[in-house]
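Shared chain: subunit A. Partners: subunit B in the first complex, subunit C in the second.
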Partner chain A sequence: MALSPAIPSPHTSNTNSVTAKVKTLNMGGGAAPQNTTSTAGQGQELAEQLNDETKKKYVKDKKIGEGTYAIVYLGHLRADPKSKVAIKKIKVNAEYREGLSLDAIREVKFLQELSHPNIPALYSVFSSKNQNLNLVLEYLPLGDLEQLIRDVDGVRYGSADVKAWMGMLGRAVWFCHENFVLHRDIKPNNLLIAADGEVKLADFGLARSFSDPYRVMTHQVITRWYRPPELLFGARYYSGAVDVWSMGTVFAELIIRTPFLAGNSDVHQLELICQFVGTPNDDNWPGVSKLPDYVPFGKDGSQSYPVRGRDFYLQTFSTVGPVGVDLLMSMLSLDPRKRATAREILNHKWWATDPAPTKKEDLPKKGGGGEARMAEDLKRRAGELEDGRGAKVARILDFSGMK
Partner chain B sequence: MSKATARGGVPRRPGDEDDICPVCKSSRYLNPNMRFLVNPECYHKMCESCVDRIFSQGPAPCPVAGCNRTLRKQRFRKQTFEDIQVEREVDIRKRVAKVFNRRQDEFETLDDYNDYLEEVETLTFNLLNGVDVSATESKLTEYATQNASIISRNATLEHQESANLEARQAAEREEARLRREAARKEEEDEKKAREEGRKEVLEQLVHGNKPAADVVKESKRVELLKRRRAQQSRALPALPSGTPSANSNPFTFKGLKSTAAPTPEKPYDPFGGLTDERSYYTLQDYYEHPWLDRARTDTHITAGGYTVTEYCARAMFEAFSGLGVFVGEEVAGRGDLPGGNGAGDAVAAAEAAARAEKGVS
Partner chain C sequence: MTEDAAYRASTQYKLWSFTPAQLSTFRASTNALAASRVRAAIKRAREAQKLDGEDEGEEKEVDCLTVSEEEILVGYYCGKTMELADLFEFPTNVKATAVQYLKRFYLSNSPMTYHPKPLMLTSLFLATKTENHYTRLTAFASRIPGKKPTTPEDVIAPEFLLTQGLRFTFEVRHPFRGLEGGIMSLLGLAGGEPGAKLRALDPADGAATAATAAAQDAGERIRAAHAKAKHLLKTSAQLTDAYFVTTPAHLWLAALYAADAPLCRFFLATLPPLAGPGEDPGARLLAHVAEVAGLLGSPLGYTTDVAEARRVDRKVYFCRNPEKVDLKALNRRQRVGGRGSGGEEGGEKGEDVRTRDGEVFG
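Coming up: the complex of A and B.
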């Protein structure tokens, strides 16, 4: 810990004192800008000053939720008491004692780059005492899509609403991919609803930018129910197609109002995919057997299912009509290379067919509980579902259940 | 006051003490039908006969000493409020409100509307208390001439709204009356039917030879059927009767926004108005580079969906991404963000935090 000679510290000998510690810490970067000496009266560094300024700009009103990963506050701008923001205070937890949690870094990195109506805005970042990282996010009061899907008795929606929601999700994913970002955790409870009904794709805790050739990526991403088969087979080189599969499962879930492929283990998930989408083999997915964790399904006596035809989808997802079913099928293609891209999805003719998507102001909403819900969604760790809705996502593949 | 009570014979009424015309000094005792009038020009009170006497021949100066305003007979009217100050204030407020009739939905924010109201109130206050009257008056007339069309539009809107409200209230009253009537009739019918049924049962019990229990049972069944039929017949005509109140006047919405003709619906744009066009290059389908060949052909890589195309797109994008960026414009655009914070601040803070984190270890 080098102390900058530019700032005289009265506590050089006693680094345990709080003030000295703060100063010392901020010198961690090494080069202290010389021009800060003009304000050296307070002994503050430029970055610290900026941070203080930002911090003073916002007022935390009340805590609206706390989880293992973060505490969420409702806050507002000091200058404008009517403004509302969500302040997500990332906890310095035991797991990441060495620095910032990876989720927080990813979230800051991507949210500040992506500015789109369907992606929540990150207004500011500041650190508060104890070096807690605070993200100032757009306040999204109306809960998430999962709430609407699950509230079968309280909320009714039709294919026009599904189209509007999928359209907004599609835009968000397309925008991410267009900016070379893989979201890798698309699911209904990451789709938060703004006050005006706009759906926003939140939680970039698992996001990463597109990989360079020959650079491996982890396959332990995306909540299991929405995880594509190539990740379940341990693919280390993948593309935006993984997000498209998640979109497809979300689309299916929106229609049938229950998770389409709700596996309770990774193996079970693959079994469900085999059963409802089709059993992957080298014919319908050339090269699948070369994937690291490939397990041949449909051999050794267990049943092999052919890839489901249009009839099955028409039967199960009849409400969106034949054109919508075509779109869904293109998203749920086993072979990621044959899967539609986000751009192809938005160019699909389903958007132009009747019924037109509902306007965002007229979309069904759930009354009440939004505040608490946003807190729930924010404080959750990426890639996790809350208790009571399936077990926690295993981050390690476990094939011990296989014969 | 003592003078007023001293007038014998005539019982004293509230306000009696003022019942002397300040102009001709005749009192209610002499003229029991005396009415007082005021002119909003100066609000000096005088009796009807004085008004007739002085102003019948055309405009004349006010007879009250020291008040030299020219008054016209036409504008004399009966006083509404006992306090002449209140009368005057109401008149002025009415006049101002007629000109400044902007509505809240014409303003972007509530704050703007409140500012406007405050401005109007200041103007009214000036007129009321004689502060800068000539300047204020000229401001008022200027505003009135400049915004004549808006003022008249808002006036008609207001008129329409009040008419609509009345119509709606009338319709609601009518509906309530019909409902009450229907309920009353229904009750009567039911009573009559019950009476008849009972009579029938008695008749059968007297003349018939069926066992009594069967008769009673049968009658109950019949009655139930009747009632059901009655309900059905009632339900059918009830349907159209419910709708006219909504259909008769299509403009019975309260708080209708005064928008111009609704803009035609734009076709749905799945991309939300954005394009993915790159202005400095066109992306080729294939870029030749030996380094990429294995990533293109190795099934271990491609089977998972990895495509070199995405990599190429990104490489091209990054190669050109500095072009066409004008820092000045971007900085100017930052003002739109809530908190006026650009990404720059966020970066700085994040870096500070990250550095601080490193320091902890």
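Coming up: the complex of A and C.
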């Protein structure tokens, strides 16, 4: 944790002193007046000095990617040339006249608060000239899970590996929920891989803290293939169960190595859910028909599918065994109230069933291309939903075509 | 993971928690630095005027704001922020976050450098973004009352300055949910076996006599304390230094204590004994809660001396840093290429400082 900001040593009481911090904050006080003599008369304010001090701690080495939303650099700590960090410089959008964008704010807000081995560390934030915001992030060079899933020919993995990856995702989601944060965009290409194999749940651009009772939330979140039925039905009050559904679809995808429910429109997505999970109705999900955008699938001649039983799952997802299948089914419950919670998932007996999860350093890795891939992942606008099937399918075809 | 460990990982704890002594030191150094800057800047401005032949005669020493005057002024505009949030009918969290942003910003900035009036608008707007209550900038600006219409640029120009002063931490942890949870627990207790004990409690300070308290239904008493505590959290807790010197959990307990001390003691006694180093952590907790309750004041809560605030607001007009007055120009200058070059004005000289009035809404 050499890169972490100064953390005061633990004390016994919560209202204790934070001496180190006050020193930092006052550091500028003594040095400051020297600057006031410049002809411009622009003596730096305390906050500017602190910012400059932070900025000087890092060196940008080279640009490793650029998108419309951000430029990504590989960098290091000035004091430690061997260290590696990713510096994500968020571009000021000249078109956007509302100040700091919401997704940038969300990303900074949540990464500042959540420190956990399965969430990318945000070491520092500073501004460079032109008021660009720079996020100094943990360097995650080994791509993302989507890449591994798609590279069917190049990457082989088994149920012990899936267990390790799902365990890391499960701990990340549990930690978010424990801190009252909904991620709202869990999908394989937001699961980045560190040099040591650790998977990190990234991209908090759509995250929010739990709502208060009776206060509405938007249902336009989570990339479609990973979006739960309650959001597709327009629910404005929901819980961590939305993230758990996404986890379930990621779990399924890891096993079958293709997206489990790849709808090309919201309606199609619901149709696929009906077909492969079961048609929601007031019997298997009391109250579903009262959701704002509820569509009664399975009426007026269209086929109604019963909720899939264990046999279907055993057949389709056999590699994770019957206990693993039980876990998957508990994540894909149509009724969000019956869906497993993140805590229940971590307490599931699958983790203790053979085979044991692969040690992170022994997990399959994608060879090469790390820098480029992290740049790809980071330069996307945080919270950007890759919508439209075309792009996605093209990417899949690309990968399957690669030998 | 214990709740304590989780809280200690928050930026509110790591960057924004202080002892009262640390707060005083911090504010004093901010004030001293700003005052020296203001004197130097005003001197420069006077010399420039002399060169232009506008000799204004006798030069007086600039009378800068004291630390307590700065606090009065910031407190006054925190109150104004709350009024403005009420006008917009924003939820409590937006309102409270905006106020805490201002309070945090003015730990390292002086109102002599950046007057709180424009920062107030920016804080409130930023809070709508960070608290999931986003309001479009044009709509936000158009609804701000005042003699002169507020433009979107007025609101947004200091945003960068503000976020930098907040050290890019946007989360403020509030005591509101904790209070709701505590009240639910208390209501649960009232229905159960401890209910009898609850009815036998000493009356709260506000209750007329022991007899009326005894006659009072336990649920009623809890609800009365709830209302008072909630009010304190929305007002005094925002305007005092409570957020800096304690945690959200202690803060709602303190509000409950200020509302009905016997009830708060009863509640604490129902909890499993506190573990922790040192002697009698339970007693220490109670002492801390009582101390914070004192800060929140009587059930009437915190009041601002408006006349005094107006006096300070008039005074600050003579000791403002003339180089930091035009926030829009400062902002434009930063956006087009780093810090200012050679004292050039970025634009908008028409914004005459002297036309400002003491009234926040014009």
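Please note the rule applied: the second predicted complex is superposed on the first by the 337 of 403 C-alpha atoms of A that agree within 3 Å, B and C clash if a C-alpha of one lies under 4 Å from a C-alpha of the other, contacts with A are read in each partner's own complex, and residues count from 1 in each chain.
Throughout what follows, a residue touches a chain if its C-beta (ideal position, glycine included) is under 8 Å from a C-beta of that chain, and two chains touch if they have at least 3 such contacts.
Since this is a predicted model, take the numbers as computed values, not measurements.
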| item | value |
| --- | --- |
| Contacts of A:240 with subunit B and subunit C, given as first, second, both or neither | first |
| Which superposed partner A:296 touches (first subunit B, second subunit C, both, neither) | neither |
| Subunit B versus subunit C as contact partner of A:118, first or second or both or neither | first |
| Partner chain in contact with A:346 - subunit B first, subunit C second, else both or neither | first |
| Superposition-derived comparison: subunit B or subunit C, residues of subunit A touched | B |
| Touching partner for A:100 - first (subunit B), second (subunit C), both, neither | both |
| Touched partner set for A:208, first subunit B, second subunit C, both or neither | second |
| First, second, both or neither for A:51, with subunit B first and subunit C second | both |
| Touching partner for A:136 - first (subunit B), second (subunit C), both, neither | first |
| Contacts on subunit A seen with subunit B and repeated with subunit C across the two complexes | 25-26, 28-29, 47-48, 50-51, 92, 97-100, 105, 108, 112-113, 125-127, 131, 133, 175, 178, 209, 211-212 |
| Touching residues on subunit B, where the partner in the complex is subunit A | 265, 267-268, 270-272, 274, 276, 291-292, 294-295, 299-308, 310-311, 313-314, 317, 337-339, 341, 343, 345-361 |
| Of all residues in subunit A, those that touch subunit C in their complex | 5, 7-8, 10, 12-19, 21-22, 25-26, 28-29, 32-33, 36, 39-48, 50-51, 92, 97-100, 102, 105, 108-109, 112-113, 115, 125-127, 129-131, 133, 175, 178-179, 208-209, 211-212, 215, 217 |
| Contacting residues of subunit C [partner subunit A, same complex] | 1, 4, 6-11, 13-15, 17-19, 22, 25-26, 29-30, 32-33, 36-37, 40-41, 44, 91, 93, 107-109, 113, 125-126, 129-130, 132, 134, 136-137, 152, 156, 159-161, 163-165, 167-171, 177, 245-247, 249-250, 276-278, 284, 288, 323, 334-343 |
| Residue numbers on subunit A that touch subunit B, as the complex places them | 1, 24-29, 47-48, 50-51, 54, 57-58, 77, 83, 85, 92, 97-100, 105, 108, 112-113, 116-118, 121-127, 131, 133, 136, 167, 170-171, 174-175, 178, 180, 209-214, 230, 233, 235-242, 285-288, 290-291, 335-337, 339, 343, 346-348, 351-352, 356-357 |
